[in-house]
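The two complexes that follow have chain A in common; it is paired with chain B in the first and with chain C in the second.
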Partner chain A sequence: MVNARSKRRSYLSFVLPAFVIYAAIMVFPLVFTLGLSFTKWKGYGPIEFVGFQNYARLLSDPVFHIGLRNNVLIVLISVFGQIPLGLLLAYMLHRRMVKGAKLFEILIFLPITISSVIVAQLWNRVFSPVGILPTIVRQLTGNHDYIMTIFENKDFAFVPIMFVLLWQHTSLYMVIFLANLQRIPDSVIEAAKMEGASEGIIFRKIIVPILAPVVFINSILAISGSFKSFDLIYSMTGGGPAHLTEVMAVYMYNTTFVFQNYGYGSAISIVIILFIVAAIMLTKAATNKLNMV
Partner chain B sequence: MQYRSRLAIAPLHWRISAYIIMVLFTLITVFPLVWLGYSSLKPNAEIVQHPLALPQAPSFDNYVRAWTMGGLGTALENSLIYTGIATVSTLFLALAAAFGLAKFPFKSAKFFTWAFSVGLMLTVHAVIVPLFLAEVRIGLINTRLGVILPYVAFDLPMSILIALSYVKGIPDALIESAEIDGAKYRQIFWSLIVPLSAPVAATMAILSFLRHWNEFLFVFIFTTKKALKSLPVAITQFAGRQNIEYGLQYASLVIGIMPMILFYMLFHRQLVKGFGEGALKE
Partner chain C sequence: MKICKKVFIAALVALATMGLGAQTSSSGAPVTLTVYMQNDLANPQSAYWPVTVEAFQKKYPNIKLEFEYVSGEEFHQKFQAMAASGDIPDLFTCYAGARSGYILDRGMVKDLRPYLTESFKKQYNPAIWQPQGPNGEIYIISPNMAVCTVVYINTKLQKQLGLSTPKTLDEMIAQVPKIRAAGLTPLAFGNKAQWQAQSLCLSMLVDRMGGTAWFDKAMKGTAKFTDKPFVDAIAVIKKMVDTKLFPAGVNQLEGPQAWGEFVQGKAVYLLDAGWRISALKAAANPADYANYAVMAFPAVAGEVNHGSSAATLGEALAMNTKLSGAKADAAWKFLSFIYGQEGCEILMKYGTVPTYKLDYSKFEIDSLTRQYIDLINSQTMGYVIDAKMDSEGVNNILNPGLQAVMMGTKTPAQLAAEYEAWVAANDSNRRKK
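Coming up: the complex of A and B.
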């Protein structure tokens, strides 16, 4: 048997390496970001303390507002697009409504492995004048000069990005729902069938309610994930043209690393974190409530 | 994944709708990739004149040029180094931490576990500015270590939480009997915990590999030398510069996608399991 002191030493030797790396790279810098967010700093020279000025400026910054609006659009496409569609696809596979379900699953899940920046470049090619979509439209309409102009449209510039997000992440929810559907005993559906329930009723009145907690938790995770969005949009449009496709994280990147506005950029970072923390707190509170019922 | 449900067949109109939706969704998923693949074998003029047609005389010209012009060999090598070292380091650091937190009766374990779980909420953007400034000052900027360290740090919270729930399930009796036999904790870790954790370690490593391979921002900001760029960064920058050389763009993108398709074919089952059981999206 080993004595308590050497046991403690062993314990720390297991935990501390990971904790030191984690704290040095993730926790410690966060304190600096918070500090910087109350300053005005160009990356060199004196640091000027400005109090809440950066946060006040966010409230009236039209570019930040576009970014926030687009982040909310990502939330909407996640919660009302990816998740319901993922659930529907999963249910169809689970009930073996199609032959070759395995093959469909394998093909649909494929994009999960491709890096977002490359997905962005791929879809830029699909939408380009010599890409798939404009070519098909030209052949269908006979208009030989057709090119996509939606990216310059003030109200709809963000729509193609939402479509790509749907393409990229729906299958993730499909796989999560498939795993959860397999936990529902067949006898539940069998019994409903015996009672004469139709497929639509089974899906709406049995499957959806059973999976409700899973839907709910994934929604909140999708919401908190939505506020982080960067790679895809940065690579597809960089937030342009004229900030139409800006999201908070891209705006933060440009503010800090392109325009060297470290204080203001840090304030945007902190706001992003606050949105994420709020979403996760909501999950926690709601999960507790669900468990109590 | 197994489709357990072998119930009475769904009614016809459900099955027809299912076929339509499945085929449509699969086409939208797969066709852009297939199109990119065969278009990359066409010369530029053919791409412009007949964007959807199959190549008349398939050629790997674009690949040869993209590979050398974009320095993609170096980038592939960098990606393998970053991802390989980061994945292995994360795995063992996380298993060790999980062993410490799960099997030692110290009060601070609660605090450490909480601290790691807070990490799930933090994003790269929250720390990238101070981290960049610190790396410049310490001289880690433009080094491989300067990229690998943040890779590991950002992957630790998730990996530790996955490992923790698994290591908790290893019976205490096994560890106690090893203690009685006089084994040191380091021996217990390497000869008991690591082998017993093999199944979860596989899932952790595969998810970790995927996240590291596809990471963008750290390499993008912390390295300025072309010789240090990873594959996704090198390809994004290369493809973005080729204004009208469509063939080169397509070929470089295929080079970026191919390793992941291979990875997907090898580990599809583990990926489905890992994501299906609640790993988060990122």
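Coming up: the complex of A and C.
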């Protein structure tokens, strides 16, 4: 009896501090945000309870819809662009299919080490009407009014940002895959080669199945990161022009801190969390079904 | 007898204490003031500030100042947290409007009217004494008016191209083919950050088309933003895009890139704010700078208010309403120094034209600044929309909507209708009884 009580005390003494810290920095803000999402509040003064009004507004808010669409595009480019490309590059470097693999490794890894704000400024210097790319095109074509009109295109304004995201984040997945590829014994690949397997067969039949759990982990990282995307887009376009490159996190930030509409901003935050949880559960279900994990 | 003795001793103690108190304040015992200021000291435009503080400390060595500098949006976020806790510093940056609503609405800012004698007020541009609170309160002594619309001219390019200074917008537009044929931009302007088209252009145009009297009505709801003055003002901006007066990709161009093009001699005119002068002076070759001139935005067809610009009070330090006694005296000494003659002379030396009336003959003023002073003294000033209307409507509907109009995906009437709908349903100006 004493032993059981003592065990419980020990257990609590280990768990409680961590639980208190977790509750203070994770649970409390989450619950507080959830509570605020049912209110109208300027960040000061009286808090007005408005029920589900903020959530109802989300359904008819065109700016939120643009943000959601763009977030889905980031998920797509992350899961179907960055991860496969990262795997392919990692495999090519691991199998030494190119000369100077170490140099390429460093070059490909470089973008992820740079702050997103700097990356945004860098690409702005390329894409801006007075940037490198339009200047070169103007010189070549003699069209003095040339600009990258894609940024003002209702349907494709987000494409250049997706390109930058692909450029910046592929390297992270590449490094994770590369680290895991190095754990596969060479003998496995050598044996396959002796059996006459081509490089493509080795990749599809051996490498991909072995790395499936890593694909799953990378997918979770990609999806949660995609829905939280903020720094690069905020620095690169701020969601403009005319909300065309808006994403949910930027809209949430502006709504809360610039427009001082804490209630609506909290509702957007809650929806972002729900999307992340739902997307991760879907990924897990899909990978379970495919017996990948 | 005993009671008399006690009363006598108590009276002695009270007298001694009062005497001591009087001695403390008259001898100027050290007072420490905490100052929370929105300022980026690394910005060249803040170069005047350390000089001002040093001059103050020299004059009042017994007033100690403890500064905390925070810039940008972070200033407001941190200040809101302080305001929520009810504990704010003795002095702090404050705006005369909604931007500082989180402290003004809580009654945390001292009304300075008891300090403002008529002789004190006479020393300033009268525009800064417009009521800043619902009961006529004055919270800040704004050291500078943020004049939002000025057209800068590169007279050298003008001469090279054989152009004269346009009196009307149509005359300016008529110059576009000649300027473009020379491979130059007619009117440099950048609207990537979205606020510029509204603050630096639309606000002035709305004043030209309707005046402040119309805008007052629109704020109250007795006029609407779907009215002709507002729609026409937006249509003028659209016309400026369509006639290629603005550079290509104006909504992708950042403000510094736009005035950078002007400084590099790639644009004949620049549409910007009055506060850009010091940056132009710092960036331009002195010989080029000497060729710059300023003018009011040219006349627009249909305008009812001629030659006006738009301006708002610049932010300033304000006093905590809880300050009293020696601390309040010290705080007032600080404010009346930095925003008085001594402080404003330093401000003027660093290139900012203050609201305090100075004897300009004492200063070496360059030609552009002199022209600017003459210009703004001759203009009436309209409202800057984002200083009057709620942030969400301006930043979420109006500013991006202007970009959409400029890109041709929305009409001026559509934008006006969307903005009016938002204002009618949400803006605090319409909810005031």
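Heads up, the rule we're going with is that the second predicted complex is superposed on the first by the 238 of 293 C-alpha atoms of A that agree within 3 Å, B and C clash if a C-alpha of one lies under 4 Å from a C-alpha of the other, contacts with A are read in each partner's own complex, and residues count from 1 in each chain.
Keep in mind that, in the parts below, a contact is a pair of C-beta atoms (placed from the backbone, for glycine too) under 8 Å apart; a residue touches a chain by one contact, two chains touch by 3 or more.
Source: prediction; values computed, not measured.
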Practice problem: Return first, second, both or neither, reflecting whether A:154 touches chain B, chain C, both chains, or no partner chain. | Solution: second
Exercise. Considering only touches as defined above, state whether A:42 meets chain B (first), chain C (second), both or neither.
Key: second
Self-check item: When both partners are placed on the shared chain, which of chain B and chain C touches more of chain A
Solution: B
Practice problem: Figure out whether A:144 sits in contact with chain B (first) or chain C (second), or with both, or with neither. | Solution: second
Practice problem: Would you check which partner chain A:88 touches, where first means chain B only, second means chain C only, and both and neither mean what they say? | Solution: first
Self-check item: Touched partner set for A:257, first chain B, second chain C, both or neither
Solution: both
Exercise. Using the touch definition from the top, say if A:130 reaches chain B (first), chain C (second), both or neither.
Key: both
Quiz prompt | Touching partner for A:59 - first (chain B), second (chain C), both, neither | solution = neither
Quiz item: chain A residues touched by both chain B and chain C?
Solution: 130, 257
Quiz item: If you look only at chain C, which of its residues touch chain A in the complex?
Solution: 73, 76-77, 80, 83-84, 101-102, 105-106, 180, 183, 192-194, 244, 247-249, 251-254, 257, 260-261, 391-392, 395-396, 400-401, 403-404, 407, 409-410
Quiz item: Where on chain B does chain A make contact in their complex?
Solution: 1-8, 10-11, 14-15, 18-19, 21-22, 25-26, 28-33, 35-36, 47-48, 51-52, 93-94, 96-97, 99-101, 104, 106, 109, 112, 115-116, 118-134, 149-150, 152-154, 156-157, 160, 179-180, 184-186, 189, 210, 213-214, 216-217, 221, 232-233, 235-236, 239-240, 246, 249-250, 253, 256-257, 260-261, 263-264, 268, 271-273, 275-278, 280-282
Quiz item: Can you list the residues on chain A that touch chain C in the complex?
Solution: 42-45, 63, 124, 127-130, 134, 144-149, 151-152, 154, 237-238, 240-243, 254-255, 257-261
Practice problem: Report the residues of chain A in contact with chain B in the complex, numbered from low to high. | Solution: 1-2, 7-8, 10-15, 17-19, 21-30, 32-33, 36, 85, 88-89, 92-98, 101-102, 104-118, 120-123, 125-126, 130-132, 135-136, 167, 169-172, 175-176, 178-179, 181-182, 186, 189-190, 193, 198-199, 221-222, 224-225, 228, 230-231, 234-235, 249, 252-253, 256-257, 262, 265-266, 269-270, 272-273, 276-277, 280
